[in-house]
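First chain written, first letter: the chains are A, B, C, D and E, and each begins at residue 1.
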Amino acid sequence: MATRDGNVDPTTGSQRLDKDTRETVVRAARHGILLLWSLVVLFPLYWLASMSLKPPGEANQLPPDWIFLPTVYNYIQLAQSGEFLTAFANSVLMVSASVILVLLIGVPAAYVLSRYDIPMERDVLVWILSSRMLPPIAVVIPFFVIFQSFNLFDTRIGMVLMYVSINLSLVVWVMKAFFDGIPETLEEAARVDGATRFQGFRKVVLPAAKPGIFSVAIISFIFAWIELLFGLVLTSFKAVPVTLFVYSFIGSRSIEWGMLAAASMAMILPVVIFLIAVNKYLAAGLSFGVVIKE
Amino acid sequence: MASITLDDVTKRFGESGDAVVAVDDVSLDIEDGEFVVFVGPSGSGKSTLMRIVAGLETQSEGDVFIGDALVNQLGPRARDVAMVFQNYALYPNMTVEENMSFGLKMSTDLSEAEIEAQVTEAAEMMGIGNLLDNTPGELSGGQQQRVALGRAIVRDPNVFLMDEPLSNLDAKLRTTMRTEINRLQNDLGVTTLYVTHDQTEAMTMGDRLVVLNYGELQQVGTPLECFYRPANRFVAGFIGSPSMNFFEGDVDGDRLACDGFEYELSERMRSNVGDRSAVTLGARPEDFDLSETPVKGNSVEVTVDVVEPMGSISYVYLRPVDQSHEDTFVVEIDGKRPISEGEQVYAYVEPTDVHLFDANTGETIHQRKLDLDAEITPKEESQSVSRSAE
Amino acid sequence: MASITLDDVTKRFGESGDAVVAVDDVSLDIEDGEFVVFVGPSGSGKSTLMRIVAGLETQSEGDVFIGDALVNQLGPRARDVAMVFQNYALYPNMTVEENMSFGLKMSTDLSEAEIEAQVTEAAEMMGIGNLLDNTPGELSGGQQQRVALGRAIVRDPNVFLMDEPLSNLDAKLRTTMRTEINRLQNDLGVTTLYVTHDQTEAMTMGDRLVVLNYGELQQVGTPLECFYRPANRFVAGFIGSPSMNFFEGDVDGDRLACDGFEYELSERMRSNVGDRSAVTLGARPEDFDLSETPVKGNSVEVTVDVVEPMGSISYVYLRPVDQSHEDTFVVEIDGKRPISEGEQVYAYVEPTDVHLFDANTGETIHQRKLDLDAEITPKEESQSVSRSAE
Amino acid sequence: TRGGSSGTSTGTGESGSSGELAIPLSEYQGADIEWKQFEGSKINIGAVQHPWVDAIKPAVPVFEELTGIDVVWNVLPEQQFRTKRQTDVSTGAGQFDVFFMDQVINQFRSEGWLQTLDKYFNDSSLYDENWWKPNDLFESSRWQAHGGGYTDKWTGIPITTEVQTQFYRKDLYEKHGLEVAETLEQHRQNAKTIHENESDVAGTAGRGQKGYGMNIYILNTFIRENGAKLWTKFPKDSGLDTQGVIDAATWYTNLLRDYGPEGASTQTWSDVLTTMQEGRAGHIVADANLFWPGLTGEDSQVADSVGIAKAPKPADGTFGPNAYNWQISTSKNAKNSKQGFLFMLWASSQPTNTWMHLENDAAFSVRQSVWENDEFRSRVGENFAQVTLESLKEAQPDPFDRKYPQWGQRYSEELQRAIAGEKSPEAAMKKAAKIAEDIYSE
Amino acid sequence: MSTQTKAETAADEKGGFPSLRDIWNDYLPYWFVAPMVLVMVMITFFPGAYDLYLSLIEEPTFNVLEAEFVGLSNYVTAFTRGGALHSFVVTITVVASALVLESVLGFFLAALVAGVKSERAKSFYRVLFIVPMAVAPVSMATIGRIMLNSEVGIIPYMINTWTPFAAPAFLSEIPLLTVILLDTWNWTPFMFIIFYAGLSSVPDTLVEASRVDGAPLWRRYVHVIIPYMKPVVFVATLIRMIDLFRTFGVVYGLTQGGPGTATQLVSINIYEQMFINNQPGVAAAIAVVYLVLVIAVCNVVIAKVGFEGVWD
């Protein structure tokens, strides 16, 4: 075979970069942008971390000590505070339970909304969404009243329900969108295979909707985890979430930067753990994902 | 195991205004254990009919019975059917093995081990035994189709519905599969509806053929009936490959004046034609003879347009010398016989091999003569619905 | 418009340990404007090879040239190919019209009106002109396939890649489409790679056939070459339907001892056999004659096992009376000839029509005699790669 | 620092009944009060995050021992606490038996959410005037506990007081030969000198952020010292558009704009504190008792060089710094108001107050006797104590009328706009005046 | 409901009562939506009705009989003194700009990450890019304030020392922009993760087909990938829009709606009316108008974009 000039695209006649070179360039550009954004994301986090690791008084020093001797003093203080640990554990428990519950309630409902003709579908959808429209501040008092009368005030169950209610519309809507993208033939095949509607849903549709489910799970977790107002108003002792705890470092006389930062860092931790745990499911849906080449 | 009865089934898609009528008033009795093949052009409603039987689509009108039970209200699960989908519809998140065992897990109480045994056996039969752990995305088209087929046949349902289950297989595998399906169907005695575009499958697999066009039944009968006794021009043209050649003609006493040649009608033809003034003459490619000289009456002088050698046979495209337009017709000759394009020869068909159709309605008015008439004559009155076709 | 050259192309899927070799060291020269048909069993790597040419899959080893350019590094867009996917791959969110015009919009500067005109024309040609506003979900399988085909042919690319584009069409439509594709390809002169499982398509459409098995090239040649001059037993069995019958035999002087009969070798055969002790005899179903009496030498007494009437012909499955096992072989007879199952007759093949293969390697050692040898003898040395098959 | 103070906590017996009580019970048992009458009950205290809470918590076991009443706490930052308190009282839930009250006293009172305390003061089993010594409380504190003069009833009991003073950098003043300002003009000149001669140090810093504890809280000092006052004629004339107010606002705005840090209009008290702590400002006017510990504590980089003096006043004005009191009150629906009252008395009593100020770094006592206590004075520094005490004696707290939150918020917004340079101080104050008057004119 | 809800059981075939399992499956859609409907009824009707009631009365009371209805006076107050109109304008500005920024950035990042070849790098980005969402609003606001502080903040410091530009006073000179950028940092992850999951459910074959059709990268996105994941894009954007509409914590912590009322979002206004000015009636009136407005916007968006472009 004669050697040929491989670098000129005969169809366009234009000089094209060698694909390897081009791929390298594209790859470099891609990672360049991603790293840039990583930096944008990381810097405040780094700053937060560094504040939490600096001794009191040095947190906001300028020019900053980019290199400093980290101290875990703040973390030790946190860890020694029984209340922090209790609130933390409490939050983990309530939020996790709420995520499971909201998925149990929301995902099937989303499926129905996606697959069946619902009378007045648009209005139903808007109605569901409307639960999310008012700022919590405008609805917290009625909820307080409900909680008082149903003895849900300052109970974990109450908070779990509250978290469910703030996430339900999200789960229903997002999952409906994901179910819309799953071809109905799959369930048809399942039903012909003798699966009941439920089995078809559980064994065939759900696995295909995995990325969607896990991403709403993460988002719901986060929404509940950082929720503040309901936790503030609807609890007082037993069911206090950890968010409130972060407030305790904003005193009337000074802000305890180090402790505040340490608590904030501690609050990020479960989210990161949760993220890592479900990470692999985020991209394992119908296909193996679009690989955007070129 | 069950008979299937369709009673005036109609299916419309879309709003009533501009609805597509996919299935148009179809009535059909399928006996228990029968193997029925559906054929028809693309879009003629075959898949839709299957899906109605499966319970995946609800007919707009009419009733469906499986066994003696009216199943209009039942879903696929209750109907207990197994189906091969035209587009496979494999579960993308499951391996081949899981795909194939899913139905068994859902519809039977078999133990894991039994299921595995059956699936493995079926997979071996399909030649995909070594792919059990792959997911559908990693399979070739034909392999996927075999998984889809395997998924259906591992089960022991009331009814098999197979929608072009072999379309992506090569001829050899197709032959094997055909035999396997037939054997299996014989063994199990499961009523089977089968859609195919393959003439061989259509002619060899089924007890009866159901010919559809534009959602309407054209003919129901044994394959040979449909081939030798087509109910109308559509069926005549549709069954057989290459298809029958048609020549429009005007009746002129005992002659038929076609474009480019005249054809002398036999006694029997004349009486069948009656007082129609325009009829269509049909003759199959394999019934023509070519000769250098006009040996017999009704020979037509033709020019060879194209020769398609096929191995043991060749297809020759011919054009009557006197014809006013460019259309050709096709005849089949021995592959070893030399013939070249541009040559002028005479084409001839035995008068006994000719069909005549009403030029307006397409209805068959004269059938060819047939030695084995006795053999293919329907036991009962052939269910044929003749309507104008094409 | 461009030639295509594959140079030692290999494609492996999966980790190096348990990789599937989908394409195995294939080298191939395709001329500018040539129409090449790929055939091979399911999973033999046809689609993979197409996808490599399209630039959708990167070969693990080897080079691909389009025209004179090495395109290993180029994506599909730069290669300017149009492809019909085996699974259609229609855009579900677009109407038929949008599906078909998408490629034109992307790859040309045509005006809206020009695009619309071209799309409408192609859609009419495909018989889907009335479906332009439907979405793929509303189409039947065959209609979808025609959209996929239409989407490719509206374009004017360097190369057409068509992966079983007609598999879901009925025989008649398929014939029409076949002709249309051929006409189009002739008009445009676009180099075309075409995968099919249909014998007729394989035999009639392409300038050359490429036969693949397990990712390896088996033979490259004109259809008739592959049919009459198979490079090996695999090709002999794969091309032609029903496929060639094979009989294993031991060479015993000038006789071949097969199970159930003995076959006397001709002079030419003997010299071709050489000192091999075991050879396989191959004869095509259509080369057999059946007679009531053993008219000639080498007649084999057989029992009729099954008769498959196909209309103009019938397939008869026969078993040598003296054979120790149950296997049958198939012969093709005139459809009108009466024959019934259980009957005992004699089967005979002309010695000139017989192939012999090395029993171990499968390589062809003796080709049949052929009158039109001259016609089908390759102009250049036939690129045939003979390897053991099956 | 006081690390790890908690958001909400059950404060029952941190040191438990075991161990020594912080304050001998005898200090209280001498009072003619039936301390034990509610033994076995429990009170819930809603409090903001405040040094007072930290200071009193170690002493709470004393109260629990004394009365047999359990104390639980709900401690939150101000904004969050406000939300919770309002939810609680406006729905009549009555969860808090005792809670922190601030500027909204009169509003809560007029809504009928607050209970006035007079009936408890009149109940001899609950109150002993001789022991509690009401006159030891600063007058300004007592005045505020009576709705800033809007009512003659006790709306709660003051617990902390804060008064404005001046803090300055002794080192910088020395370096540039500056005198501690007594007049506003001097104050401005000092700022100018430092601002122009020091790099990286602003002349001054001050609250610019809106909110009624923010910019207007500081400004109100200068308003009164300029001879103006809020509500020249209540509720017809807000007085905000008088010349005195406009002068004060102009002076304050210009001071911050000319010699204040970048973005002064968004600075809160904590930003001011941080700025000063980090040595980035020459002087500030801020609450003595809250800022002093912060400025001299270990967080501060200027601990050794910070000086305190009385707030400046106009050359021709009268000294009258703003002061601010937190009080604790009980709501109408509270279930244990009487127990709550006992807690209020106990917490504000002389023994408790004295203990808190001797054993903690607290410096906000509402009791004059504490400020005069030598031990206390030596702990906090003589100078600081004296300046603060004198300021407190002359302090003039803001009177919070019933709709103060509504118009005060708008008034502070207007001031913030002026500080941000969006409009002139004059225009801002006129607008504020109109808003305030409009609100009452409905 | 549609024809599909038809009973699937062969009840008459078996005779007698349908089994529990049949009841479950026959009415599956009802079982599936029932809990959702229950929760929804609880969390929508009561608070909505309460706010409406509150907006119509003088003094908040739970005793309807005692309530003194004042007609629309609270609404009038809201739009005169209450600054409702201004806060709507501010809110819409923030919503529109942040929504565009976050959607575009989120999609862009999702697409970039989806194309990363190395699984590990992909995982890394996926986790990292989501983390900002997890920073609690309290921390966001407090830390944000200090980091942006013109005097002691690290960000102005870095701008001043490392770039030739002078750092603006973020919270007083460009408060709205600051709020928008901060929200972008905080919530782009939301768009990122949903878009990412959406991208991973686009079948490869479609992308392949479009490549063969000669579509350049961006057109593949515009014409094939985005249309395919239209429902997901639409829903994510809509939800984010609604969340943006009611943004509160971070902005309040950062600026308290200031300077002046420059960043006074509707939610902040409601908060101030309710908890600072103590005018629950006015707060409720704003909330009611706001709810009607947002519902109207959603209705229009859903009808115009959703039902005419996504779900048909």
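One rule holds for everything that comes next: a contact is a pair of C-beta atoms (placed from the backbone, for glycine too) under 8 Å apart; a residue touches a chain by one contact, two chains touch by 3 or more.
Note that the structure is a prediction, hence the values are computed from the model and not measured.
Both subunit D and subunit E are touched by A.
The most distant chain from subunit B is D, comparing centres defined as mean Cα coordinates. Comparing chain pairs A-D and A-E, the larger number of C-beta contacts belongs to A-E. Separation between the centroids of subunit C and subunit E, computed from CA atoms only, is 57 Å.
Subunit B and subunit C have Cα centroids lying 23 Å from one another. Look at where the CA atoms of subunit B average out and do the same for subunit D: the two points lie 94 Å apart.
Residue positions 83, 90-91, 274, 278 of subunit D are each in touch with at least two other chains. Counting partner chains per residue, subunit B shows two or more touched chains at residues 75, 77, 87, 137. For subunit A, the set of residues that touch two or more other chains comprises 60, 62, 141, 145, 196-197, 208, 229, 246-247, 250, 255, 286-288, 293-294. Subunit C contributes residues 13, 39-43, 46-48, 86-87, 127, 138-143, 145-146, 163-164, 167-175, 197-200, 203-204, 223-224, 227-228, 237-243, 284, 286-287, 308-313, 315, 332, 335-336, 338, 371-372 to its touches with subunit B in the complex. On the subunit E side of its complex with subunit D, the touching residues are 59-60, 62, 77, 81, 145-146, 149-152, 156, 169-173, 175, 255-261, 272, 274-280. The touching residues of subunit D, counted against subunit E in their complex, run 82-83, 86, 90-92, 104, 107, 111, 202, 208-211, 261-266, 271, 274-275, 278, 280, 405-406, 409-410, 413-414, 416-417, 419-420, 422, 435, 438-439, 442. Listing the residues of subunit D that touch subunit A in their complex gives 1-10, 44, 48-51, 72, 74-78, 80, 83-84, 87, 90-91, 93, 95, 270, 273-274, 278, 290-291, 293-294, 298-301.
Of all residues in subunit A, those touching subunit D in their complex are 56-57, 60-62, 74, 77-78, 80-81, 83-84, 87, 140-141, 144-145, 148, 229, 232-233, 236-237, 240, 244-248, 250-256, 259.
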